[in-house]
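Quick one: this structure, given as structure tokens, is what I'll be asking you about.
As written, the chains take the letters A, B and C, and residue 1 is the first residue of each chain.
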């Protein structure tokens, strides 16, 4: 939708430097934005792109106003303000409420009249679907699920059973929430399935990425706090707790009963073992596995980066000969005496 | 469903110490179980919770009876016995048999009258669906698939083609079985797809986790033994063989034509390269990649755990200077002579 | 379908040594192929299997003709030629064109009369479906998607929005293309979603594996070149560019805005960080993470392979004591002076 700069600045309580009647209809990068596009500047490396921009307006900090050749929207948080304004400008009209003829909604389910149930979606058992919720094409909402207002369940996602979603959550395509945890008891006759009867509780404003899986608790619940962001293809195992505003990049795996603090950030392909605790404000770098409790905020890493295979092979060989090297040093020390 | 302690003890051939007429209706943890809940004790660290439990009954070993303030179900395998009894107590009534009006079942398919085909599920080609099988909402069973009795295919799971499932298997939501293997032949014009014409054979009592993928064989079959447990987001490539009762935690990847023994356990984010063989009773720890045949049972590991990024960076730097250190030691040795 | 050796040799411009009227109806391995099966020989380790084969014909190089007891199809690229001929021999009849009664196709969508829309599939908005495209059961094609001729979208796959597929692409079951990128701006109130308005452009002859995810661009597009092969459970983040004929094995993760060259190969569980560039003809071995630009073709590795946990623990301990060892060597050097 189109907005004037005046409307945007007023709505998000920013200062406008420029013509309040200029209309923006879209968003783009500094380099590509044209006369009806909004953009932002926060990375000093792009200063030349700022100076040459042809955008309708640039969202930036006070200190950068002088370098901007077009209208400015001034804020302390340019990227976040951009995100909010861009969300408004690029918003699509909500789909018409109602249940598509091809969807299957159980007689025992409760669907708000302002919700949309798309083609071939299934709402099962006694599920409750709130106002303005969109259940996408082919998505499944199972028994005992409660989906609060303004959530979007994207196509072919699955809320298996007993999943409580807070308001304004987005479940991306193919994500599976509330599947059974991996509970198996070894017996003399092989593995015996341990029933997984806990639920999943998800706070407000949470996003769960495409094809990510979040298992239900074995006993007691798997809990994801408010504002948490989980990327694609992540695994959140049974009875994990994740604190508010924590973010996990793609392919992160959190094993069973781990407790993750608030405002943590996990980079891609990282993970934790089960039954450990990670405090608030911890950053875990890519492909790092956390195997013990972390009690102090900070950044944690492991592994080493890819290098030429020839160099790597020599480094590994030297590493495997460390015992020999230690022995040689000990002998030198002894001889010296 | 509710059962008396007497019924449970008799059914699973355990000794009961306490009132056989007490009824249990659910399960819970030692700490939280109330007067109608069953629980178990096997971890000595929870001894104080045992002594204070208010459960209807505790499943435990003979040696722990004296510490239990309530009725006891005595067994040598408390966790496995709990799993079995809990499975009974928490069982839900089977869905009504029949084909939902919105499901699409091919005229050439064979569906047992006691099977359930849920809303918007699709059973294609000449697939065969056995007695008491549940094909969940939106799930797909493709041509040449044979699903034996008492299997559950959860919502939006896919049996692509030519998948044979043994009895009592559970395929969790979004899992894909029988997709094409990654077979590509390089030519002067780029990759040429190599047809993948093998099948997938899965034994009895197997669970495949949410969004896990199991590819069909290129020529010959991908084979998963009886009682195997595979967690979410795992990858089982074409022509892999997995022995009975092996368990793989989330995000494990087994590359093409690898042969994995029985009773192995793979922790999360671990994997093997292709065309290797791992014997029975091997444990692979988290994020470890197996690159050679393993011929002796035992535990195998690699990598190192996450540590503070500053410490990690110094350790990596020292590691990268190992050559220099080795040279210095050699010089010291030479000088000494 | 059955073909004579003469037909196959002529079609793919190969030399035939043997009876041109022999008919082949299938494919199999050297060891198992019978009198109506085609096979190939390119791995010298299988020379004894070649000498004993009972296949209808073997596809091989000129130099191996003398060792072949049956008809030969002679080519410089046996495996690629096998792939092409096998594709022909094992091809299944195309499904009947048309829209299944249970599929939901938007009035605004354009579906070629020669396309097939299978049971419970959904074609939304103004999507365009080309000739001979198959949209599998339960698959979803969203608004602004354009699917060129001869593509196959397998069951329950999702083209979320604005995905352009070139000709002859195969999207395997459960794959999600065009889902939102992981764009989040931190604000004083927590994460703010950054709208993801870019598209996904995929070239001709691309395969995307089961349950793999490819996100749309934030601004600008995610681009996958011609002939690219991506295996199962991979993650291609927003604004990534992948050059022609690059192949990525299962569970590879490419972070946002990374640029990957042509003809690269990534082994399983490998990955790159975001905003880096990898040149053409780079091979990355299993579980290796690339953290910097690669400017020279070649093979790159990291990590070390699994070993017995006892040995591994000692190696890690020695590694963690490297500082002490370095100090001891420095003291020896000083004492010597």
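By our rule, a contact is a pair of C-beta atoms (placed from the backbone, for glycine too) under 8 Å apart; a residue touches a chain by one contact, two chains touch by 3 or more.
Quantities reported herein were computed from a predicted structural model and do not represent experimental measurements.
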Task: Path length in steps (a step moves to a chain that is touched) from subunit A to subunit C - done: 1
Open item on the list: Given that subunit A and subunit B are copies and touch, would you call their interface same or different according to whether over half of its residue numbers are shared?
Closed with: different
Open item on the list: What's the distance between the Cα centroids of subunit A and subunit B, rounded to whole Å?
Closed with: 26
- [ ] Send over the residues of subunit C in touch with two or more other chains.
- [x] 102, 120, 138, 156, 174, 211, 233, 251, 269, 287, 303-304, 319, 322, 325, 329, 332
Open item on the list: Looking at the complex, which residues from subunit B come into contact with subunit C?
Closed with: 102, 104, 120, 122, 124, 138, 140, 142, 156, 158, 160, 174, 176, 179-180, 182-188, 190-195, 197, 211, 213, 215, 219-220, 233, 235, 237, 251, 253, 255, 269-271, 273, 284-285, 287-292, 298-304, 314-315, 318-319, 321-322, 325, 328-329, 332, 335-336
Open item on the list: Quick check: in the complex, which residue numbers of subunit A touch subunit C?
Closed with: 26-29, 32, 77, 79-80, 82-84, 86-87, 90, 100, 102, 118-120, 136-138, 154-156, 170, 172-174, 205, 207, 209-211, 226-227, 229, 231-233, 244-245, 247, 249-251, 267-269, 286-287, 303-309, 312-313, 316, 319-320, 322-323, 325-326, 329, 332-333, 336
